[in-house]
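Structures incoming, each one as structure tokens.
Shared between the two complexes below is chain A, which has chain B as its partner in the first and chain C in the second.
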Partner chain A sequence: MFKLLEGPQTLGRGKMFWSCFLVVLAGALAYPLFADSYDVGNFAYFLIWIFMALGLCLMWGYGGMLSFGQTLFFGIAGYGYGVLAINMGGGSATIAALVLSVVLAMIAAGILGYFMIWGGINGIFFGIVTLSATLVLAFFLGQTAGPEWHIGPARLNGFNGMKGMDPLTVGDFYIEGSALYYVMVALIVIVYLALRMLVNSGIGNVIVATRENPQRAEMLGYDVRKYQLLTFVIGSGLAGLSGALYTSWGQFITPSSIGLPAAAMPIVWVAFSGRSDLTATLVGSFLLLFGFQTITVYSQQAALVLMGALLLATVMLAPQGFVLGIGKLAADWWQGRRRRGDVVADAGRLQPEES
Partner chain B sequence: MSLVEVKGVSKRFGGLTAVSGVDLAVNAGEIHCLIGPNGAGKSTLFKLIVGLYPPTEGSILFGTVDITAERPYARVQRGMSIKMQAPSVFKELPVRQNIQTALQERLSGSERIAEEDRLLTLLNLAADSDKLAGVLSHGQQQWLEIGMALALKPQLLLLDEPTAGMSPEETFRTGELIRSFNAEGMTVLVVEHDMAFVRQVAQRVTVLHLGRIFARGTLDSILQDEKVAEIYLGKTHAH
Partner chain C sequence: MSAELFSLFYQFADVFAFLILSAAGLAIVFGMMGVINMAHGEFIMCGAYVTVGLVNLGVPLAIAQILAALTAGLIGVLVEFLVVRRFYKRPLDSLLATWGLSLIVTQSMLLIVGSAVRGIGTPEGSFAIGGYTFSTYRLVLFGCAVAVLAGLYIIFMKTRFGVIARATMQNAAMAKALGARTGRIYAISFGIGTGLAGLCGALYAPTMTLIPTMGATFVVESFVTVVIGGANVLLGTAPAAVFLAMIRMALNASYGQIIGQIGMLVAVILIIRVLPEGLSSVLVRRGR
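So, the complex of A and B:
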């Protein structure tokens, strides 16, 4: 099973790659020991969004479905977490609220995805429909300011947003600060490795084959609609995980986290990073989030302009993504060294699975 | 016994009737060639059989099962496989992964890898197995697609102009390959313009003209038909 961690669909293989992975992981685990709690909390915040980026990478890069609706499922799970956590009484029930809110987002994705995929919507229209659904939810939530808009004791609160839910809690222990950071790191490692195994599996073969040539994939006996729906549901579930964790982290959520500017962000992260590779998306999204947050401290407008400029630069200069391009160059350089006999260690690059 | 039977099938695209009231039975175990001039409706008939187009009228049986309303993937799962007219491969994926994607539902582990190697060698693609399919020549892409179709080990193999873009030697090899799979029991329906190739492989021939069945029989009987010579072969080729 673990051999699926490497394969033709993922950048990075061999001892060198996994040694780097372990070094980065060790650094991430040691970070809270050296940083102050404010910075650790900020890092946890960056990491929240990684799930949404990885989900879009799966859908868009591997599955060929450009979803503009990542924040739709982010919002469904984010509000879902709030509603459930408040209605279930907080405390340890927040763990169940987290799981159920992600399931809720996946069910919503299943329903929307069924009608889109079975209805033959693809290409640019897939993005238009998902964006439309996102905007509908954002506008709907924006007009829920009145006291009549509540689910049990949980008020939706319109543009001011929903608040009052507990953070993730186990017993009397609030999962915040460093604890939340470690939960994020653990979840990212699990999700990243699981996605690597998925895309390098037989299912992953069909997902990328469908992206390349859906008619040929169907002519190999695959009901490509089911694979597309599976991809959409998993990707949306990951956006939902980001949403639920976001609400837990800040104990609030507003419609602005679903609207158009928010919906555009995952597209920028994934396009800049390299949509066709999970590792590039992971690294690139983190770097962008870190940069965005750093600049936002001084000027949010400047940060947004920079994001737009990066998207333009990506489209014009590196359509496959900057981080992926740099990763491939590095891998080729390393392979070149190996071929010259300078080193014998294995290196990472996108290449077919060795038989 | 017929493996696939087309009964009174028509296909209209707006005002254009591409296929009109076609009855065609392909017997189990035969190599059946479908010939006719350009625009005769051969490729449309193929797409009707495999489910890429729904027929306007008529029905299609696979064995005794009416598959008229089934989607293409379901027909493939029943035992059909097609090589399209234009090469239809996964161009951004390595050659081996193209074959693997076709094989993985039928075989796994070392058996699958051994079959990948066997097919790649058979198709003269072993040296190119790590290359992206899109960088292969047109003829190699034809081979690769034939390999993907064969990897499914179908009961019925549909080949739409399998030798287009191939040299005479490659065309002959393709014919021998098809005959060898037919000898193992595979039924083959081929659309082809190359009469040398048709002579090499065909056991029965059906001529399609203006969307209708024009003639059927052995290639020799077809070649002796003056009307066929007039509409398609040209009289000088008939003798």
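So, the complex of A and C:
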């Protein structure tokens, strides 16, 4: 089973890659020991969004489905966590709220995905319909300011957002600060490795085959719609995980984390990083989130202008993604140095321009 | 009784005008090049700001609106030349590029202009039928929407440019081989599309608050109209708008704006399940 950690669909293999992975992981685990708690909280905040980016990478880079609806499912699970945590009372019930809210997002993705995928929507329209649904949810939640908008004791509160839910709790212990950070790191490692195994497994090969040519995959006997729906549900579920963790982290959520420009952010991260590889997405998204947060302190608008400029620059200069491009250059250089003259055959295959 | 009927028509006309005006520009660009212009909302915003700026300088409203549409059209041609042109073979990348552009424009406007600008009031004038009063300007908007449809029909069906443009839509490579300058056709069509977006902003500028993010209020309507219209935008857009306006009007009247919008979205999702190619596919099939 662990053989699947390496394969044709993911870059990075061999001792070199995994020792780098372990060094980074060790660094991440040691980080709270010598950083102050404010920085650790900030780092946990960056890590929240990584799930959403990995989910989009799976759908877009591997499945060829460009979903603009990551923040839709982020919002469903984020609000879902809030409503459930308030209604079920705090304490350990918050863990159940987290799981249920992610399941809720996946069910929503299943319904929306069924209509789109069985309707044969693909390419540009897939993005347009998911974005429309996202914006409608944001508008809807934006006008729920009145006291009549509540689910049990949980008030939705319109643009000001919902607040007052407990953070993740086990017994009497609030998972906050370093504890939350370690939970995030553990979840990211699990999700990252699980996704690597998924895309290198038989299912992953069908997903990639569908991206390359849906008709051919269908002719080979696969019901591509089921695989697409599965990809969409997993990818959107990861966005939901981000949403639930976000609400738990800050104990509030507002419609502005669903609508524009928030909806564009996952696209920028993944496009900039290199959508066709999970590792590139992981690294690139983290770097972008870090940079974005640094600039946001001074001016949020300036940070968003920069994000827009990065998106434009990526599609114009490096459609495969900057991080992936740089990573490939480095890998080629390394391999070239080791066996000069050899043709670097397995440095990873580029996917075709469209998709 | 006739007053009620007129009231119904008035509500329908209001939504219909909104759908047509906000979608026409997007539909032209999509139909012509297969490109969804994500900065569509920003061209609408541009039209609205230019209109209000000119009116505040003392230019009469109607002239300001025409100038605003022309400005948006010219900026569109420029954007086509600088950005969109590179992506005709990669429609998804053009969508991302225009989205990046939209982020840059909206946030820069927030930085430079600030959140709100002094608006201009809706032009006065109302009339009464039976017990109801109606705003004249809303009917003017409906008239403009019909005029836009008629204008597009004439441009694309009755002029030489239209013939070449439709040929380019059907098969760009073949049209090019026959001597049509497809690059120029694309640029002009993109300009027409963004000009129509600017016109939409200009026409709605007096009726709404101007904020740099106002484009977002139009994009859902324009997207779903184009999606439902289907691939043949010249045929599909108007029936799609009629259909969606009916649903929207019925829901608006009984449950309010937001349910109207949600209902419209649900209708769209149900329709693409039944008619993935959009309404125009049915019409094309009937026509054969």
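Criterion: the second predicted complex is superposed on the first by the 339 of 355 C-alpha atoms of A that agree within 3 Å, B and C clash if a C-alpha of one lies under 4 Å from a C-alpha of the other, contacts with A are read in each partner's own complex, and residues count from 1 in each chain.
In this section, contacts are C-beta pairs under 8 Å (C-beta built on N, C-alpha and C of every residue); 3 or more make two chains touch, one makes a residue touch a chain.
Just so it is clear, the model here is predicted, and its values are computed rather than measured.
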Touched partner set for A:Leu198, first chain B, second chain C, both or neither: neither
Touched partner set for A:Ala154, first chain B, second chain C, both or neither: neither
First (chain B), second (chain C), both or neither touched by A:Ile124: second
Contacts of A:Ser299 with chain B and chain C, given as first, second, both or neither: second
Touching partner for A:Glu218 - first (chain B), second (chain C), both, neither: first
First (chain B), second (chain C), both or neither touched by A:Val136: second
More chain A residues in contact [chain B versus chain C]: C
Chain B versus chain C as contact partner of A:Met65, first or second or both or neither: neither
Chain A residues contacted in one complex by chain B, in the other by chain C: 353, 355
Partner chain B, residues of chain A touching it in the complex: 8, 202, 205-206, 208-209, 212-213, 215-224, 351-353, 355
Residues of chain B that touch chain A when the two form their complex: 50, 52, 71-74, 76-77, 81-82, 84, 88-94, 96-97, 100-102, 104-105, 113, 116-117, 129-130, 148, 152
Contact set on chain C toward chain A in their complex: 34, 36, 83, 86-87, 89-97, 99-104, 106-108, 110-111, 213, 216, 219-220, 223-224, 226-227, 258, 261-262, 265, 268-270, 272-274, 276
Interface residues, chain A side, partner chain C - complex: 66, 112, 115-116, 118-121, 123-125, 127-129, 131-133, 135-136, 139-140, 143, 259-261, 264, 267-268, 271, 299, 301-302, 304-305, 307-316, 319, 353-355
